[in-house]
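One chain, subunit A, links the two complexes that follow: it is found with subunit B in the first and with subunit C in the second.
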Partner chain A sequence: MQVEGDRLTVTGTDLELTIRLTVDVGGERDGAAVVPARLVGDIVKALPAGAVSVELHDDEMSISAGRSQFSVRPLSLDDYPAQSEPAADAVTLPAAMVADALRQVVRAASTDDARAVLTGVLLAADDDGLRMVATDSYRLAVRDLPGTSVMASGQSVLIPGRALNELQRVMGDVEELSVRLGDREATFEAGGTRLSTRLIEGEFPNYRNLLPSSYPNLLTVGKAAMLEAIRRVKILAQDSTPVRLTLGGDTVQLTAITQDVGNAAEEIDASYDGVEMTVAFNPDYLAAGIDAIDSDDVTLATMDPMKPAVLRGVGRDDYLYLLMPVRVP
Partner chain B sequence: MFVSERRSSATILHADLDSFYASVEQRDDPALRGRPIVVGGGVVLAASYEAKAFGVRTAMSGGAARRLCPNLIEVAPRFEAYTQASRHVFDIFRDTSPIVEPMSIDEAFIDVAGLWRIAGTPAVIAAGLRARVADEVGLAITVGVARTKFLAKVASGVAKPDGLLVVDPDEELAFLHPLPVQRLWGVGQVTAAKLNERGIHTVADVASMDPGALTAIVGGAMGHQLHALAHNRDARRVTTGKRRGSIGSQQALGRRRRSRDEIDVVLWRLVDRITERMRRAGRVGRTVTLRFRFDDFTRATRSHSLADPTAGTSTIHSTAVAVLDTAWPLVEAKGISLLGVSIGNLSDLDAVQLVLPFERKDAEQLDTVMDAVRDRFGRGALQRATTMRGDPGIQLPMLPD
Partner chain C sequence: MRLVIARCSVDYSGRLDAHLPEATRLIMVKADGCVAIHADGGAYKPLNWMNAPNTLVDNGDQWVVTNPKQETLTITLHEVLSDVSEELGDDPGLQKDGVEAHLQELLAASPHAIEVGLTLVRREYPTAIGPIDLVCRDESDTVVAVEVKRRGEIDGVEQLTRYIERLKLDSSLGDIRGVFVAQVVKPQAKVLAESRGFRWVEVDYDELRGMKPDELRLF
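So, the complex of A and B:
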């Protein structure tokens, strides 16, 4: 925590991800201290509404509000990792657009640290604009931002999904987001908050040849109705049981059967052009894909029950969510 | 109906193919239709309904059958055809409901609870199942429908041949009690005779007895079971979970001395067959075990466990070869007369989240293609070049794994 004049800067880091926030305070004397983050955070949150005063003495920091009084032993200021200023040039982007894209893509990134490359979101620039891609090897989300440029065409970076999750949380409702992409680090600034993250090294899987040019079977359903149906049927999809979609005719049937527990079935109106088939999906992955789509109606395009299926929004060709089925006997 | 559909309505199907082997023969050879035939020579493996009318029964000797029915036609068994037909029928079962409990190659329980909205009432589903088996496989199948497995099986027995019988929950005892005691599960000729001697002929007679008296006649466990069944108490569910702990196959090699090349061919063939069955059954395994019988009839097993379960032919084959390598000095010293391979530590592949094919392995693709070709054109249609040499051995029909 660092006070300069009437500005307090709070910085937190785990060496990979660093978040820095600047707020206006009533500063009496400049100074800096390192304090245990969770402890101090818990204290301040618990205090009654109103002004909080923080004073640093030699070996203790006192925090008080109303009649409450805490004192916390600070950590060594010298041991705190040095903070570097980002070197790369800043590009300013509409924050709402980036937030929307992150919401759609980051959900597909892996959280398994054993597969570091898949925990990242790929930002790739080409002549048309920027593309964001994430996959955990079960599903793949691709969002195009045409006309957006943050680096030279042909370049790409791999940003940890965890950092981008945090970015969505700290962005708030600012209008502009500034982005700096360095060789080893990416820095985002939104209002008084700056988030820096190291980049992931390694080669992102070649996803391009997975994106099909055409599909023989196309289902169109209402987004809200489908999400509701999955939410209900999922109750009976326990122990990684999939939800089965029976396609054919002008309805789609969803079923979940968990041995020795029970069954769930629901039918919703749909339009379908293709051969009759049953295809099964992990209900969470399926719901996540549908939820990500910004349209009232979504399409599910399939080849067969063993091949990746593609979710898109009707009238939106800037986003797709590729999902591998669950093979069922 | 909110209390429990399972308990209050008849949703369990017992589907049983009629005179299975004999029906397949009559299906495939029009000249046999309407005639009394048996499958098997020395011993009757199956008899057509026309032969049964003469009193011919399964497991009877061929001679005894001919004496009962002079015009009897005997047909050599074609197990490959029966396996094929069974597989088709089980595909229809599994298409009807995911909860299928195989009892044998020609018989299964199917639970259709919860499918009402999608597929109609159990009676409609059962009729549809019978029509599909007739249309798509060309065989007659009898289906009993009831609230319990026991009653469903009794119903199919009563409805045979080529019938459908639904036992309404309100009429269960009325249906059950007039039946002879032989209809109770577990009552064979011996038990039936013991009961008949004491004037107990019908299920109603059993139901009216004191459990203690029943136990005194037929023994403790059987007594309790009969008492429960006669009172229509059967809480067993249809479970797909009765699964094998391992899948294996073996081949006798005779007394002749075999070269390593010849043994390698046999090993390929065994692994190929087992892994195909595993994939069909949706199972994966971790432990590869080789069984050897030596010329002096002593036996040995050697095994190796993999890090991850698999049903991949090439992975399991290379593991099996490594196990054979270590055992080879012993095999050479003692001479081998039988080689078996089994895959243990099986787990279900019931629902497998498939992975995006970023880097699909060639071997995996080969397995998929081979399975698909064999599905369509039969097992003999596509072979590994290595296994073309030597005697292919016989494959008996098996329960689906």
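So, the complex of A and C:
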């Protein structure tokens, strides 16, 4: 925590991700201290509404508000990692557009550190604009941002999904997002908040050959109705059992069977063009893909029950969600 | 193992001279001849020590420990408070985490998972500072020291550095390079490994075990 004049800068880092926030305060004297983040955060959150007074003495920081008084022992200022300024040039993007794209893509990134490359979101530039891609090997989300340029055509970076989740949280309602992509680090600035993250090194899987140009079977269904049906049916999809979709005719039937517990079924209106089949999916992954789509109606395109299916919004070509089915007897 | 608690002063003479003034300390004399003088704090690190092989001459109130380089550690005993000896027998050694040990075993069986063309020379290759997980040779017959960890952090890179320093003392081995292998290598460890000229490799434990998950995957 650093006070200069009437500005307080709060910086937190775990060496891979750094977030710096600047806010206006009533500063009486300039100074800096390193304090235990969670402890001080808990204290300030617990204080009654109103002004909070923070004073730094030689070996303690006092925090008070109303009749509450806390004192916390600061950590060594000299031991705090030095913060460097980003070197790369800044590109300004509409924050709402980036937030929408992140919301659609980051959900597909893996959280398993065992395959570090899959915990990242690929940002790849081509002549048409920017593409964001994430996958956890069971599903893959691709969002195109035509006309958006943050780096030279042909370049790409891999940004940790964890950092982009935090970015969504700190962006708030700002209108513009500043992006700087360096060789080893990416920096984002939104309002008074700066987020810097190390880039992930490694080769992102070649996902392009997973995206066939056409599928023989196409289901079209209302987004809200499908999400509601999944929400109900998955109550009986316990112990990692999938939800089965029976495709054919003017309806789609969703069923879930958990041995020795029970089963659930629901039928919703749909239009379907293709051969009759039953295909099964992890209900959470299926719902996450449908939820990410910005459209009232969604399409589910399939080859067969063992090949990946593609979810898209009707009339929207800028986003797709590829989902691997689950093998069922 | 002989443990002596004594008020003592210690003088080391060798590459430099060092003196520990009179104070109460623990003197450990291990069965292999190692001598270490400990204060009542500071975790595992002694104040002064002399590694085996060396000779200890007990002159009653003064012990003189001499190593082959003629460095000496002279311990003057002013008052002995406790003096006990116990036969500890052979130590079974540090049991590694099950996954880490199994990972080492699997990589020994399939060194090509680390690098194409790698062949195993020996698993648990002995050195004076402990065994190296795997020592292999690559296609060009260069010796490759491999350190295997479940999580690759900078202390593992430091460990590999020390092993390679030891291996380089044996001129018959020729060129030696290092590879740091883990299921996940932390970014700081990658930077340190690269700065030391080592390769780092992330391996999939499940894949090495030949596990085929029931779930269908995109990759």
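The criterion applied here is as follows: the second predicted complex is superposed on the first by the 329 of 329 C-alpha atoms of A that agree within 3 Å, B and C clash if a C-alpha of one lies under 4 Å from a C-alpha of the other, contacts with A are read in each partner's own complex, and residues count from 1 in each chain.
Just so it is clear, a residue touches a chain if its C-beta (ideal position, glycine included) is under 8 Å from a C-beta of that chain, and two chains touch if they have at least 3 such contacts.
Treat the numbers as computed from the prediction; the structure is a model and nothing was measured.
Once the two complexes are laid over each other on the shared chain, residue contacts for A:Thr135 go to subunit B and to subunit C alike. Of the two partner chains, subunit C is the only one touched by A:Glu16; subunit B is not. Look at A:Ala49: by the touch rule set out above, it reaches neither subunit B nor subunit C.
Touched residues of subunit A were counted for both subunit B and subunit C, and B has more of them. Once chain A of one complex is fitted onto chain A of the other, the partner contacts of A:Glu201 are limited to subunit C, with no touch recorded for subunit B.
By the document's definition of touching, of the two partners only subunit B reaches A:Gln253; subunit C does not. Of the two partner chains, subunit C is the only one that A:Arg115 touches; subunit B does not reach it. Once the two complexes are overlaid on the shared chain, A:Thr241 sits against subunit B while remaining clear of subunit C. Looking at the shared chain after the overlay, A:Gly262 reaches subunit B, while subunit C stays out of its contact range.
With both structures placed on the common chain, the touch criterion links A:Ala82 to neither subunit B nor subunit C. Shared interface residues of subunit A, touching subunit B in one complex and subunit C in the other, are 135, 137-140, 205, 207, 210, 306, 308, 322, 324-327.
Listed in rising order, the residues of subunit A touching subunit C in the complex are 15-16, 113-116, 135, 137-140, 198, 201, 205, 207, 210, 306, 308, 322, 324-327.
By the touch rule above, subunit A contacts subunit B in their complex via residues 135, 137-140, 205-207, 210, 240-242, 246, 253, 255, 257, 259-260, 262-265, 267, 280, 282, 306, 308, 322, 324-329. Contacts from subunit C toward subunit A in the complex involve residues 183-185, 187-188, 190, 202, 204-205, 214-219.
Subunit B meets subunit A in the complex at residues 94, 98-99, 113-115, 117-118, 237, 239-241, 282, 349-359.
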